[in-house]
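Okay, structure first, notes after.
A, B and C are the chain letters, set down in written order, and residue numbers restart from 1 in every chain.
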Amino acid sequence: MDYSFGIYVIQAAQGLVYGMLLFLVASGLTLVLGMMGVLNVAHAVFYMLGAYFAYSLTLHLGSFWLSLLISPVIVGAVGVLIERFLIRKTYTGGHHQQLLLTFGLFFILGELVRVIWGTAPLEVPTPELFTGSIPLMGMIYPTYRLFILGFSFLVLLGMALVLSRTRIGIIIRAAVTDAGMVEALGVNTPVFFMGVFGGGAFLAALAGVIAAPFLSVYSGMGLDALLDCFVVIVVGGFGSLLGAFIASLMMGQLHSFGILWVPKLAIVFQFLLMAVVLILRPTGLFGEKE
Amino acid sequence: MRGLRLDTLGRGIAIILLLLLPQFLPLIYIHLATEILIYALFAVSFNLLFGYGGLLPFGHVALFGVGAYVAALIFKHFPGMYLPLTLLLTALSGVPIAAIIGFFCLRLKGAYFALISLAFQMFLYAIAMKWRSLAYGDDGMTVNRPDLYLPVLGNLSMRSIENVYYLTLVIVAIGILACYLFLKTPLGNSFVCMRERDIRASYLGYDVFLTRFTVFSASGILAALAGGLFVFFEEFVATSCIDLNMGISVVFMTVIGGPGHYLGPVLGAAFYIFFQDWISSLTKHWWVFMGIVFVGVVLYFEGGLVSLFTNGKVRLWASRLKGG
Amino acid sequence: MGVLRLENVYKDFSGLEVLCGISLEIRRGERHAIIGPNGAGKSTVFNVITGFYKPSRGRIFFLDQDITGWPIHKIARLGISRSFQITSLFPKMTVFENLRNAVVSKLNHRFNWTTLLNRSREVQRECERVIESLRLTSVRDVPACELSYGWQRRLELSLTLALDPFVILLDEPTAGIDVKETRSFVEFMKETTEGKTLVMVEHDMDVVFDIADRVTVLNNGKVLVTGTIHEIRENEEVQKAYAGRK
């Protein structure tokens, strides 16, 4: 098959968009995992809720940008409530209880979404500002995707700045390496946990909102995101943000080129990647052995 | 695991009831009972890994699904095969798949183990969906139940749901008994002792990975057998045999029934089927309620239904030592 | 002739060097104590010997066989057995069942799936013998989680001994035990490790002086000195290292 160079670039750009979105979702999961030791299976639901709320808010308020503002806040609040009233109960119970709880929540929330919004896929219209496209490499490239790239990059930058410059960022970094540090640093742990959890939910929902016009909103998106996030964590290393970043980008490319080469079973490549990493380096590319 | 407060008399009564069921219950209940039995076998195989081994493979349903498809393909392409042989082949088909999945998953612990096995299941699900010439996707494929020829009893028609019930009862009983006996062997003991203290077990000379790999692969037998029975019963196979909903249902059944006892999942299967039956007549969103019950049990009723019958509290989640 | 030998062993954790060139030799049949201030790396030495950690550098030899990097269970089966500072028993199993786990392993029945465990006379007999010799008959059927701390420590030690090991590594065996009970516990230890090679990490100096033939002092991941009790007592550097600490 003879593909022109342009197609490769377009696909790579597509992969980059997908990768960045994936990182936005996975980063929340990684932070919660690294700092609280909780692998929140239900995390992908926050992504889904973000998208679905975006749909409803855009529909009723008429503005995508408002929903971009409001949806993550709502979902973040939901995250805080879930941590406070449900997850918190499992800290003394051991990992299986926590796992089953988050798994059950994933399922219940997924079902609730289906109950409230139905099972048919929903369309969130691309915001007016970015409905055009620009010529790129001899092809037409939608500007909205450039927006996603730019926006995710900004969020990423913001995260990096917060983590390296602010006090809360330093605490977060310390907590990722050593969860006990949080108390030693005089931070109110319960509040901290609620904040981290809610923050992760916020990020995931943010990704959900901006992904909505691009990927469309459907009831299986939680599960797809969950599996993708999970491969990212396995490949990147548990609790490593850098690892999650690299792995997300890799996943994005695999997803994009996988669809190009083997459209029906693109999932194979992601799978193979995970299997290879598991054999060669079970703790992930950037993970640390316990 | 503390014993049930059922004495031999109680067990005898239960067995007699099970045997006489079709005589005095309407057809619809025989249907339900058969369904419960099949799910019970599936859940027992899951609980072998979860309750007894401390392993939580969310994707265990992959083996159920493999069994279902293997049975369906045999029924379709080799309709004359002797039924017990079909079921035997179905059961054995679970082993290589379980071995492959186990080889990768058992390198990880806890949530990672759970989710990797889920990933494998979704992978197989995707194959079942896309490989239409083999698996017919979500439309599925119907099959016919072959009759069963037994030496003394002659040809038993499997058109009769009563015969299906009895066959299922016998097979499930054997399966659960095998599981029960297995746990009493040294290998079963090895597997269980590494549930809570896998490092200590290593220090006692146990090869944790190899032991778990062996048992994990073997657990595929019962799960695949349950899948085969499912297809035999429903006379239909589709991706619903290997999808997330089926996978979740076995987790729900086991946890609600109680993982602390080998009969817990049986109770869980019965509860699940009856609850589903009841709630779905009230609302089509019965899943949400099932989920709520599940979360409630996870948070507040860790022993599950079976703990209502056992002596003493079953402390499942926290396993810390207390100094006197 | 050295039964266990560490040659220039290093262990670091992401840059933090816990062991910096440990060389150590344990002689057959001796009772060897490893002491040192907190954080000196004592438990890490055990972890490296038994395969829980792989050394970053250096080699470990058991009877002249290189066992560096071997998995835990393989080393355990060679005859190197270890007890834990933080009690690690099988909580829901009874004392009998706990010890039976060790016996099943010792008799190589780990993968046996064709016989019922409680019908195996070989296993039963050996379990009873172990229970008797370790004087645990009175608590035979008590679940481990219900034992008092003192009895748990005894079971912890017994689990280690039930394997009939060649070399016994005890990690702070008297940790947390009542002063009143320490005496009898130490007697128990001495009796049951009679004639075996014993390596012990201990904080309690009285116990060390009572049991040990030779002592190795660790400080900051290095061996300060190895010698007899007497030599160690007189050693100035050791006294300095311990100044102000127990």
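Keep this in mind: a residue touches a chain if its C-beta (ideal position, glycine included) is under 8 Å from a C-beta of that chain, and two chains touch if they have at least 3 such contacts.
What you are looking at is a predicted structure, and each value in this text was computed from that prediction instead of being measured.
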Least step count from chain A to chain B, where 1 means the two chains touch:
1
Comparing centres built from CA atoms, which chain ends up most distant from chain A?
C
Nearest to the mean of all protein Cα atoms is the Cα centre of chain B
Give, as an integer number of Å, the spacing between the C-alpha centres of chain B and chain A.
33
For chain A versus chain C, what separation do you get between their C-alpha means, in angstrom?
46
Distance between chain centroids, defined by C-alpha means - chain B, chain C (Å):
42
Touching two or more other chains in chain B are residues 319
Per the touch rule, the chain C residues reaching chain B in their complex are 50, 52, 71-73, 76-77, 81-82, 84, 87-93, 100-102, 104-106, 109-118, 120, 123, 144-149, 151-152, 159, 163
The chain A residues in contact with chain B across the complex are 39, 41, 86, 89-90, 92-101, 103-105, 107-108, 111-112, 115, 223, 226-227, 230-231, 233-234, 238, 264-265, 267-268, 271, 274-275, 278-279, 282
Spell out the part of chain B that touches chain C in their complex, as residue ranges.
181-182, 184-190, 193, 196-197, 199-208, 211, 214, 319-324
Could you list, by residue number, the parts of chain B that touch chain A in their complex?
54, 56, 58, 104, 107-108, 110-112, 114-116, 118-119, 122-123, 126-127, 130, 244, 248, 251, 255, 285, 287-288, 291-292, 294-295, 298-299, 302, 316-319
